[in-house]
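These notes open a run of structures that come right after.
Look at the two complexes coming up: subunit A is in both, with subunit B in one and subunit C in the other.
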Partner chain A sequence: MTVQVTASEGGIPHNTIMAVGLVGSLVCLYLTYANQFLNAEYAAFFGGLAAVFALLWGTDTIKHLCSYGIGTGVPSAGMIAFGTGVIAMLLATKVETVMPYSAPIAAVIFGAIVGAVSGWIANSVLKMNIPVMVRSITEMAIIGAIVLMGFTAVMAGGFSFDTLAVQEIAILGPLTMPSYAGSLLGGCLLAVSFMLGSIALQHPFNACLGPGEQQDRTLMLAAECGFLSMIVVAVISFAFVAFAAAMLSLIIAVVGFVYTYIRFIELSKRDAFAWLDAKPILEPEGED
Partner chain B sequence: MESVLFGIGVTALAGALATIAGAAEDTESNIGSQGDPNSQVQLAPQMGYIHRIYNKAVSGEPPAYGLWVTISAGVAWAFMVTGMNPVLALVIASALAIFVQGVYATTAYLGRTASLAKFEQPVYIDVIKSVTTVTMAHAFVAVFPAVSMCYLIIAALNHPFPLALLGIVWGIALGAAGSATGNPFYGKERQYQSQKFGAGVPISASGNIVRYAEAGQRSSLDNGWFTAKLAGPASGICFGLIVFFELWRTVLFESAAAGWGAIIAGVVLILIFMIIDRYIEVWARKNYGPYKSESAEEVSA
Partner chain C sequence: MTAIEASSSGGEGINPVASVIAIVLILIAIAIAYFIAPPVAVSALIGVIVGGLLIGFGVHFVPVGGAPAAMGQSPGIATGVAMLAAGAGLAGLFGGAWAAANPEFGFAIVIASGAIGGGLLMAITCLMVNIVYIFGMGIPAASGKVAKDPITGDTQEAYKSQGTEGHGLPFISYVGGVIGGLLGGAGGTLIYYELLKLYSELLPSILSAEAAQVVPIAVSLAGIFAIGMFLVNAVLAAYNITGTIEGPHDPKFKRFPRAIIGCATASAVCGLFAILIVVV
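What follows is the complex of A and B.
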């Protein structure tokens, strides 16, 4: 299990992608704080961009982890990222109520701790003995926490625990009352973010793996999955944030999705052996 | 008494919805070629067998259906919070989930096939055009009843879980039922129709899946036609029974022994099904003979 099979040579080094992903997603998460100074949650869409940055980074991490012969383990890698990430994310939103403006950094720190512990358990206690295991699981727990936080910011406009756990609902016209059942946590929308994020995290490499895998095509698919997931959370956000803000998130998600989807199809056309329409099976001419 | 009768009626309705969902789920995954039989579709070009079968490698069926049903449940919940009619909310939310499913299906086919360029497997655009829409239609038939069933459980049986949480639970269960029950029909029967019946899949036959039809070439739509006869209904009955017994025991026995009645009934049901399974296995071995040593080797290989 510890023989490394290199998926594709060349491309951008992993550390560069990690740096861009981490810094980009943290900057975007901090930009969502601008919501507090605007008259509506117009900055919510930055959460979706943070998720896209994190997913790009995560796709490359999964590629490194899964180059050690765990082919069918690719979807599981997405699940463990979010299983560990959700702990870090919820803890960070609670820290936010004590220390304002700390949630994104706290999510990274808690994610690193939870990820390192579960990576250590997988590698040393369960004896998987994969050299990049601890580092990869640590990275993925951070990614999971950032993506969940980003999607939460799109849906609710912020990520302090009170924003997520209480929603003002209108009763008898002008009167409102706080309700847990109508809130983001009460509606269990974290389950939606969890599934959206974990499938979006594992899909790009899972879909593109094979001898002809190319980094630019895989990363383009990662961005496409991020924007596609953002469309769904933007639609859900109509229940929580102002109409104009939700519309802005939706438009940005759709534009990003259409662009990356078309680019991905172009890159697939570039890499494919042939691009045929209504043609019969071409039997191979000879073994290479 | 009336509330129990009402509960049993809702249970039957939920079971019926689950049956439809299960049947459509399995047919969808076979048309799209998802789940474990897809490993052979993926392997075939590497062994020199170029084919026109769809290659929908999103993930295993349980996580994939977990996602489609959870999207549908979460979006429907958000629509209902804003005051939309529940039926309309469920339909629109399911349509959005199916849009996501369709996009994932096309990117999986394009990505996997483009990465197989070394083995001269071309991308067939007409396969994408004709098959993706059919899997999307079947997925809608699977996702809409599943999420309607979840809504019914909350609205009529007062289940305490929010819709999205029930969506993730029953979505994963739906995918698991279709994957466990239906896939043998597609993977072992359909893909290896050219092999001797009961021969297993020897290593030498790996990747040699059925690619040609009686006349012309197989497409994934033919696989849907083949598996819709037995695999789909079998998966539907499996998932329908799971949902029906789960709700039935809760409705009837929850009031007994401070809630423990439902748990005891569940354990008894599992024991009964274990006895039935064991009986069928022994009966099948007795009637179809013991495993021969050469086929035993092939199974272990």
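What follows is the complex of A and C.
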């Protein structure tokens, strides 16, 4: 049983979106390193912007892959993206402790390796025979790794394995002691960002697919989902980064979400055949 | 090439060249682990590979119906493999993680707890699905792929509505769902347990902390890796059956050998990365 999935032709070419997504997210991830030179983690919000760039790219990739009718539904693509991405991302954070400033590039390389192997298995060993399969799964593993790394940067202000594994907690004022259970990894907040990211990746095309699918509307929904996930991540970041930095991330996430949501509704009205501003059904008064 | 020309029907039989390359990849991954990691890592990698192929095999038993099942037009549970596998796998992981936290319990009890967790979730899901189908939608359970239920011998044809491929969960699909849950839960727990043992042993020296302190990190890392690998294997197996399957009696079930090869390879590569994190 294969459901025919229709997607729009034309629009911005996929290669352009991929280039913008990859370069944009890498630049934003590297901008989060500015945290080390500021007196608080004010640059943490760049991680959320990196995730939004990657999600825009990922939505277009999913559109290309799923227009071939893979038979398993769009959400499965988001799940495999983050399943492979989380492995690449965690190994990249560990490499960061050995080679500083290498984590974003390492995440892309490891994601490409895991994704290429998974895509090749699906295409050759499992005989899917879809032309874009290897490339799409490779891209999505990279996207999964970048989104997780971006959300991690928002939450913890950085993505070195040591930053994620240990949290200094103050006891009796000046004294501090390392806490492993209170850290980002120990609290398993990676599982939260896993689901926040994978739902944001799989939802936009799943919601917009059909005969009237328009690229700008789908991508706007992707950005909206990205900022919506960033709101939750920014709230979590209050536990790890300075109050002002977390507040900055939260404000940027809310502003981004409100703007993209309004734009998405405008685009939906544009593409709809007709629009009825429905009012809630009023209960007639005085009749029992 | 357009979407319509590129058939994704998945074809029957295995691809010999790709399968041989896949097996070579597994051996390369084990060799890398053998040369750069301590001996405990090699046994962990083999455990991860076995767990991955158990998951891939288990998915083939689960009656996945997808969107047509939601409309009562084909048998199975009305959702995709990713959701079902995540449910059964996470339920299994909860059971297995509970048992793994108790040092008195050995390997067999931990894996059995995981299997029972996954199997129990699928049993409850299948029961509630049938209750909704039979009492909510008013349709009997009937298979479209076989004339007689292989276990009970009940005839199916007379209960099948015209224009559908069958509907509801026949007995064989129910049994398949529970077996799939047992295998998936056991596989997921095996991945978790092997990684947990590895991390508990190697993390204290890396973070220069006491063993008891790093338990949250070890549990969290093993858990998130187990979830990630579970989803990768489940989705690859779902690609193999192209989305929907009725259960072990479905002709698509015969495709499982290539899913076992594929899932073992994917687990080997992912497992190697998971091991590298405590070696680099």
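In the analysis below, the second predicted complex is superposed on the first by the 266 of 288 C-alpha atoms of A that agree within 3 Å, B and C clash if a C-alpha of one lies under 4 Å from a C-alpha of the other, contacts with A are read in each partner's own complex, and residues count from 1 in each chain.
Following the convention adopted for this analysis, contacts are C-beta pairs under 8 Å (C-beta built on N, C-alpha and C of every residue); 3 or more make two chains touch, one makes a residue touch a chain.
Here the structure is a predicted model, which means the values were calculated and not measured.
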Touched partner set for A:Ala181, first subunit B, second subunit C, both or neither: both
Subunit B versus subunit C as contact partner of A:Arg217, first or second or both or neither: first
Which of subunit B and subunit C A:Met79 touches, first, second, both or neither: both
First (subunit B), second (subunit C), both or neither touched by A:Ala19: neither
Partner chain in contact with A:Val255 - subunit B first, subunit C second, else both or neither: neither
Which superposed partner A:Ala191 touches (first subunit B, second subunit C, both, neither): both
Subunit B versus subunit C as contact partner of A:Ser118, first or second or both or neither: second
Which of subunit B and subunit C A:Pro131 touches, first, second, both or neither: second
Shared subunit A surface residues [contacts with subunit B and with subunit C]: 75, 79, 181, 186-188, 191, 194
List of subunit A residues in touch with subunit C within their complex: 1-5, 67-73, 75-77, 79-80, 82-88, 90-91, 94-95, 98, 110, 113-114, 117-118, 120-122, 124-131, 161-162, 165-166, 178, 180-181, 183, 185-188, 190-191, 194
List of subunit C residues in touch with subunit A within their complex: 1, 3, 6-11, 14-15, 18-19, 21-22, 25, 66-68, 74, 80-83, 86, 207, 209, 213-217, 219-221, 223-225, 227-232, 234-236, 238-240, 242-244, 258-259, 261-262, 265-266, 269-270, 273-274, 276-277, 280
Complex contact set, residues of subunit A against subunit B: 74-75, 78-79, 181-182, 186-189, 191-192, 194-196, 198-199, 202-204, 206-213, 217-218, 221, 224-225, 228, 231-232, 235-240, 261, 264-265, 267-269, 271-285, 287-288
Complex contact set, residues of subunit B against subunit A: 48, 50-52, 57-60, 63-64, 66-67, 70-71, 73-75, 77-79, 81-82, 96, 100, 103-104, 107-108, 110-126, 161-165, 167-168, 211-212, 217
